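Shared between the two complexes below is chain A, which pairs with chain B and chain C, respectively.
This part shows the complex of A and B:
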């Protein structure tokens, strides 16, 4: 990138090209995300067939199915949040405050559920806890033959969803513990307080805002979860809002869009309430003290081995055992046949990778969708982060906030919004995106921009402002500055964001299950329907392959993250 | 072609036969039921799972046909429900539950049971002696069809022996007696098909789904 020719650049109006860039980003965010969400809310507040004011909403509000689904959503999400708080807080305390060995490995295992998508987690747990469990049955711990899998119940949903969102609490509490002022803890220790007392009387009250903020996030994630209540709740006749919306759309098609829009509004209100609660907690609980030096870990002495053993047993049981059961199921010749060395087969992998066209297509479709979503989102995120951070452009700051909306609402809500807007033909073209891969891409672009934006902003904050100003004084236009000066500096952060999007989109189910069509299946949909059709061994094989891809990418991202600023990779210490 | 597969006024034609019978888990069941009524015994009903008409077309026909049938009618489903039988969503959930040994008996379309059996799952399929209900994946030409010749050619091909061999390879019953059924299937001519009045089933579709859902949830 030689700048020798830049000096002669004519003095174009810098303001206008910056404004043009802003308009471009604004159009992108509005068309893909905000306009559909706005239309959804208008639609859900309309009169419906009866013409009554707010008829659709009242119609749903009076429906018994909605009441049950709403209560079930609240019940399962609150209980799952409780589970996630217990697991996430205990793990974070043990790994941050004590001198247990192998912290890196334990942290990796604790965060493993973050990398496994919901439908695969649920499938893995079904394999682990069924009557024919490849792991529990040989130990005599599986349910008796003829007994229904105990996970097909509210408790199954609570357990699996709680484990999945425990990672969010873990990350929040770990970050909170890092901000506990060292002086306070040292003072308590010098005063002779027992480590348990220091923890309960000094550290826990200081960490409480982080715990609550993590809990609020776990709650919001749980109410929007589709994969777990779909795989465990549908057989268990336990319907939540996301599965009710799916069943209505599946059963009746786009003619019930108005009704499901009203359901989506209720779901949105729950999510927004959780997010506001979280924002209030974060604001009120903000630490005045500087992060400062990390706390000295408590020495556990002789009980260290016991704590280490307990941690490994608990975390491996939560995160690794189900995946082993999934792997075993993928190697079994048929449903209900216990895995033995002499019967183990790769037939399910052959079926998934070479024989069934729809599964093959799903791999290709998800690869293309994830790649496109990652590349385009990173391309949009860099100029927006630039305008927000370095140019301090007020319009860009607003856009930066608004870009979070399609990610903050549950995926089900966004999918319905996108159907409402993109089902009719696009004006002047006569072409409808409905029934094409395009509509899934639109939803992914809207949803995942936020994932690229955070790393881009974090990266941009490391770029010295005078670098940009120097290039501007030298006469470089905004596009040229972005390309030659800004991009090289933030490229690693942007790439990390793109990788995050790829991993998330590659396994995505909640959005695509409402938008897919024959020929346009995604990998998440393939796993979900293979299981639905009674071919769980093949579903397990597809799941194992997609987890392998995700893990490889996560490791790549972690390796990259060593050279990246804080906050770019969410799970990084 | 069995008469049950042909629309009386020849508006549409069945292209294959998909029948609904009983699948059993061979590890849990030593003496397989032979009659639909065997499932009504409480110790069997409580271990039985069915496909739900809200989610399965074959179940729509199965429930609709039984509801009309003088020997079964709605009391049949009421007894099943009282005995503790449950309705899954689709046929996939039925084979999942029976092959895994979570349920001993399932009411399901035959090829799903046979496919699982061929792969080695501990299941076998029973054609109850009263007969099986059947769907036919019919083909028809729209009055408004723009390319009538191609449509005719397609329908002719669907009803040809060649197409029938293809669907046999996919695990479906053929509609002609001359075409050998998949391995392990009885001859089509030996099948006893419980055929219902389709117009009546169509007219009562919503009512049937509602009654079934009242009994088994939805």
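This part shows the complex of A and C:
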């Protein structure tokens, strides 16, 4: 027996390794996300050149451009939210409550806009509705050559942004419908109510909180959207807050940082108001229900074929048709030349991938950025989720909440915050991150940690606490336990989170459009400027490639999701 | 090796007082059971020994070293304690051998030595040849043995067992009980065994602490606990004793004479004439006699138990509770009048009955 006769009690150390880990994560979250956001707010509330109290804010508040942008933001976001509620709710009702066939395929199509980044969605719609539309022109439905694209207007923004955020409403309503207690519906039917009556009298009132919560989320997303108002609104002279900030910074450079910070504050207030509204709806509207027994779908009988047909036409029109137009444009020989089998060409792909150096560089940059953001975020998310869920560390719980802040604010706001802090040289090094890939990476790390954290927490909740305790009893310290016991258990969830980040970061535009510099372009920026410079076929080619990459990764994630706990993959049933 | 002691330890979770002023001394090498109903605080005591909880008041000691005091606890990973969890807590990503050898790897034992100890431990629990299996490929009993081997391989001075048999089939429990007894004899470690099953505690432990509502009701050897329960709770919980009200009448040699339901009987214990006391009766100390001295009543229920029949008798006296009698041989008829002879009884000390 080797057991020692007494247990040696080491001196109390000030920091346990667990506390050290917590401090490390805290420094990461504070330096990358919270400190910049805090600085942004201080900056935006400062006096500015006039020295007046809150001078910058009042200066912006009095400006006519800001007024118009604010009203436009509210107008387009509210209308887009309306569109998204109609589309999202109708789709969710049809796919959850009825016995239509091919639900998996229909759901995939309904969620497709979630996977396509804003600027590419906008580009696809521009190609679909333009004078040279490869789909509408042969049918004689395209606008006359030379006419302005009808989407370059508030209605275009409302339509495209509404379609894009309809996926958020769809997901919220579907989750809400799944929580409707089955016996309430059955009781109503036994009482003699027709399925339509049951839907309007029982199901809709119960699903209303979910619809409203989804709508609030769609509103917040629309407010922060940059890609769609930039692609459709700038040519249409319809400016919203995100595009106003972009144009100011683009035109005047960092010396207008104070003014755009004030604009960013207004944007933040709108977004936070939407999020608070959503939190209130979620808290008040929650009815206790046993998940589990799903609703029995209503049988549509003979009208089923009609409903199926309508669904396919609507969803294909919304989600697939624009992408087909995009694909066709990418194969078109030149602007305005009609696309036929014999004129189709891969020249645009060759140009984008081999001839234009900046596009090729953008692919490489976005790949590196997305990979780094995914890997580092997952690496930070796992210990934070561990401290929060398994160790119930109060400090970690606070950090877990705070980590959402850089993701909750619009990307434009975070980008400005990061410029404010990382434009001056980093203390003691004399090196500035501004004008390097580094500043984009910093912003991505701050913004996307939340995306890795949710899957990591969901995965961690499935790990029995005593696996950790057993390793503790065996003498393993916190790092050892993370490596040997915790990581193997949550690796699939963490990997799913990393894939989500990669997919999002690979196509990111809103943040990088404010942070890029020559030589440090991202893929989103490349598509944006190729289109801006009038080379739409090349922009389409780059967009098609990046969608292909995203779709492949999404399918990979979905395949992985079969073995993952609930809540890891957002679009999963 | 080391004993374990609690010095006036209290621990609350929010409003709940899980452990209240518990003092215990567990001797080096002792097999000690913590017995009680769920929520009595026994698991919290165990977790205080392991270092998963920090006491609010009082000290926890391993040997002479204080390992837990208000606001501070030596982390579990520094205590060199072995523990078998109720759900076994086998790491699913590791093979059986890796599970068993993990603590040795943490301690940086040379590989050859590690392999030797792992194999030795697996042989001891009868799992040779299973080294490369994964936990999910094993049956419940085999998982239990892996958890035990993992504990053995650490060569701990103190072993904590948290309801280790609760998740096993009934037929496996007895075999595992023997395994634990053998395991204790072999390594002579101090064992703290938490259970809600009194049969397990009585069969295995040198001493048992019966707990209720965060406090120790009685701490004694299994025999003492059974023969002389210190409270009504212990009398009922251990051996399913029946507690009936009794009036002390006087003494007869070494025994106290009491009156229950109008019948005078000599029982064990202490009591002064005229006192109303609680009396512990056990089914195996009651007998049905055709005549003779005893409590008269009627048979209201019969349950065949194989070797004996459990006969339920409703005494004739008003307000008397039903008596359960273990009866060998041909059972009396349902509804027939019988006399129940009381061969032994124990006056529960210092408690008044609710007359």
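List of remarks:
Keep this in mind: the second predicted complex is superposed on the first by the 557 of 573 C-alpha atoms of A that agree within 3 Å, B and C clash if a C-alpha of one lies under 4 Å from a C-alpha of the other, contacts with A are read in each partner's own complex, and residues count from 1 in each chain.
As a convention for this text, a residue touches a chain if its C-beta (ideal position, glycine included) is under 8 Å from a C-beta of that chain, and two chains touch if they have at least 3 such contacts.
Everything quoted here is computed from the prediction, not taken from an experiment.
After overlaying the two complexes on the shared chain, residue contacts for A:45 are found with neither chain B nor chain C. Contact with neither chain B nor chain C is seen for A:360 once the two complexes are overlaid on the shared chain. When the shared chain is aligned, no partner comes close enough to touch A:19: not chain B, not chain C. In the overlay built on the shared chain, the residue A:82 is in contact with neither chain B nor chain C. Touch criterion not met for A:208: it reaches neither chain B nor chain C.
Touch criterion met: A:472 reaches chain C, while chain B stays clear of it. Residues of chain A that lie in the contact sets of both chain B and chain C are absent, per the superposition on chain A. Interface residues of chain C facing chain A in the complex, by the touch rule stated above, are 1-2, 50-52, 62-67, 72, 74-83, 85, 87, 89-94, 102-103, 106-107, 150, 154-157, 187-189.
For chain B in complex with chain A, the residues that touch the partner chain are 25, 27-28, 47, 54-55, 88-97, 99-104, 112, 116, 119-123, 217. Listed in rising order, the residues of chain A touching chain C in the complex are 1-10, 12, 16, 464, 466-467, 469-477, 480, 484-485, 488-489. Per the touch definition, chain A reaches chain B in the complex via residues 130-132, 145-149, 234-235, 237, 251, 333-337, 343, 531-536.
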